[in-house]
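In this document, chain identifiers A, B, C and D correspond to the written order of the chains, with residue numbering beginning at 1 in each.
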């Protein structure tokens, strides 16, 4: 029975104290849950304990709809925990925002078509019509919202309605060339993932490859981060780099950068989907 | 006869035009020079041609002391070339400036002791006494110049006298924790090599590992560059990076960074010693 | 006029002698060709000179259909050159062979759909029906040739007919899980590009991720090479690696490896398309 | 009081069962130990649980000389644990074996001189006199044991006496160009660390850089592993790689490889010193 393999995933953080791991593992073990994953980390500067634990639900004594309540009552309050509970058979729903460049979109949709990601992608939103054909290839609804200064607030309101209607849990900005307004960002805290085409915090803002070329760096990078109201300054999920030389033109950087961007973004999205990211203040704990 | 293996190394740049490679290779070939290295590059934006060529001197018809003059008269003026000529049997003389951290110093002196670098190191200069013992281990004179705001100008003047006396050609700042003043920088244009413990232009200035930790980056780096009067902004010679995680403390970054710093600095110094660097405007051409 | 930008690309190798660069650049310059690319390399052990040169054809005095003949008569014979001439406006025609895994296929077709590669892909050939849907998404004819020991010779003969009919210049094995027979390999010398899912020469043959897991390596790799009659032993075009830990299962290796494989294969194919690869004996010169 | 910071480090593995983490953390917490590190891992294929835990001893209720006994009685037998206990104030004693190449030796001694490693290095052993001068620079006794086929057994016997006399806990082969005989290997199980100058399992045995050059690989590597009786086949501690090109000669590979070798070896030795390695069968668990 495939259902037997369903798991619960618990992510939590709280002030560090002795006995938390024991308490949480006891809770699961006593109730006949088989732990299949445990990773924890203590930030000794902030004195915060972080944990991710996953267990099989097949023989678990607590009905799944009551786990959250029980855990809250029995442990979370006592330890002042901030926690979230997920079930492996509930797929998060992800919207992709794009503009004109297709490489990140293709990379994610190829994984999706291949069943690699435990996610639903109910829609793609764009401010340009260029990538309609990509959405069509994969049979995913494509919504066009052209944006000007004047129409931005109005268009974003419509986008948010659409996202709500499609029960979207998180948003991926796949080289979406528009700054998201504060209102939308605040509606999806640590749930909007961006890819920035530089090794942040170097080259914040527009045209980072041009800036990298001008500076004469020997390595370029890409950074995936959660979007906050400060531009390119949110918690970083993943970064990677590639070596360049003086022979590389700006166009070469753009092309080498594309492969970086798509891989870095997809790794970040995958970690998010697997519930392996815990953002705390302006940093992330990435569980293994 | 070992002398047969002596080579001349010519580095040049000039406005790009047809026929430069032919002209230069003809000059060498006609005069019975055996070319053992040729690398060239055209910057199509600036329209500048860069070249490094090396040939064996054993049968070369032009006496070595006249090569520069002949080349200048016959070619350099015609093509508006900026060129430099070096001989493999003339070792450049390098001074090392240090403060308290030994890792870069040890790494360079180990290579020197092992005969890996075609260089002379007549002296080490420091603003702190801490690394005298390292200099002593390798038998290299160590000069102490403590520096305060008040004594800086005076001490640097003495340092420059000492450098002149030792016929120093270039300076390596091996985690030297003092900003070099403009006067000294201008005396050694593109001949002072620094190692900065970040992936520039991210985290310019003091305490980059602390800044990297605060920002929550997933990769840290090190950058070796020529020193110019603008802090950490000179032409970059070499960069490299290493992956970190949320588990790494500032101390971990410092420790992981040490290996990066020493390798990046040594690679940069080696390229400089081998005459494989051509700085142009604020960037470098690094020949292969 | 876009036609003005058309270029000729000449790749050659020959015994090293003085004067070859001069001769070749003179040939182009005298005939009013504007050189836009030159890279050369001397293998001092084999004493072979390798060169890639590219020039604009707009004002070139020799008609393009006669360049090969002239160059052969004037230079190639004198210097015992082995050379090939390509024109930028003649797109090479590439066939993709697949089996069941889609990641490499998707990656290449995404680049193709996006116009990143100067290539034609007239057909996809497979021994399994699984990836028909990918070919359909991109509108590329998909031909199914199931292969058993008994039918192999016969099916490959049909494949070769089809390749000839479509004027295919080179073949990419995108995780094609069949050994190509000698006859087909010899028909496409250094024109069949494979991706092997290990850091060759480690883990030749089947199931390299399982072997890597068993051996307990800390890094896995992927290798793209030209196919020769010896399994996984042909000239290597490109390799890359990714770090793993003891926590990674075989499935994790397979998943991490997918991203490696697709990027390594695509880089290799791109170099081949750009005519930047010169295979010599069992190695490759990759021009910058 | 600095003594307060002393810690105990417990490494263990046993068949995986529910409740082990609870049991171990309870043992420490109940006895007033402050846990400063915990990392664990389950090998679900072998069904083995691995753990490293570290706690401060200042208020620990069990006297340090009795911890091992208590833990064994109370937990280890019950859970069939294989465990080792270390104290942070007991420095392991390390012997270095060298032959003629100095780069790895210099790198380790620089760290040692700088106080970076919590280790004692009472002696250096060599089969060649070449590196006496390096040992002298750092004031470490250097013992010369020339080895021929005929004298090997006898010389190794003397070496082992010397190692015993100096209470050596583990041995580092820093480019020691002699195969260690079975007898010595069995006396130091998983306590002889070697650096092999290739990306194992590629290029086992002698002259790996020559083999890499012949094969035309695009990346070279280095591997640090525990020595077992099968050549270059023991549990791998650390690997790293560097990119090369067709332009690199064998000498270039040797030089680029040196930096790799010393960094890879030093990382491996550091992990070993920090008690972060647990070898199991032919693989290692490397704690974070």
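Following the convention adopted for this analysis, a contact is a pair of C-beta atoms (placed from the backbone, for glycine too) under 8 Å apart; a residue touches a chain by one contact, two chains touch by 3 or more.
The chain lineup, named per UniProt: A, B, C, D = Formyltetrahydrofolate deformylase.
Predicted, not measured: the structure shown is a model, and the values here were computed from it.
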Exercise. In how few steps can one go from subunit B to subunit D if every step must land on a touching chain?
Worked result: 1
Problem set entry | Winner on C-beta contact pairs when A-C is weighed against B-C | A-C
Problem set entry | Greatest separation from subunit D - chain, by CA centre | C
Problem set entry | Distance from the mean Cα position of subunit C to that of subunit B, given in whole angstrom | 38
Seminar exercise, completed: dist(centroid_CA(subunit A), centroid_CA(subunit B)) in Å evaluates to 42
Problem set entry | Of all residues in subunit C, the ones touching two or more other chains | 44, 245, 247
Seminar exercise, completed: Per the touch rule above, subunit A residues touching subunit B in the complex are 41, 44-45, 199-203, 215-219, 221, 235-241, 245-247, 249, 282-286
Exercise. Quick one: in the complex, what on subunit B touches subunit D?
Worked result: 102-103, 106-107, 110, 113-114, 116, 133-134, 137-138, 245, 247, 255, 259, 263, 266-267, 288
Exercise. For the complex, which residues does subunit B have touching subunit C?
Worked result: 18-19, 21-22, 25-26, 29, 34-36, 38, 40, 44, 243
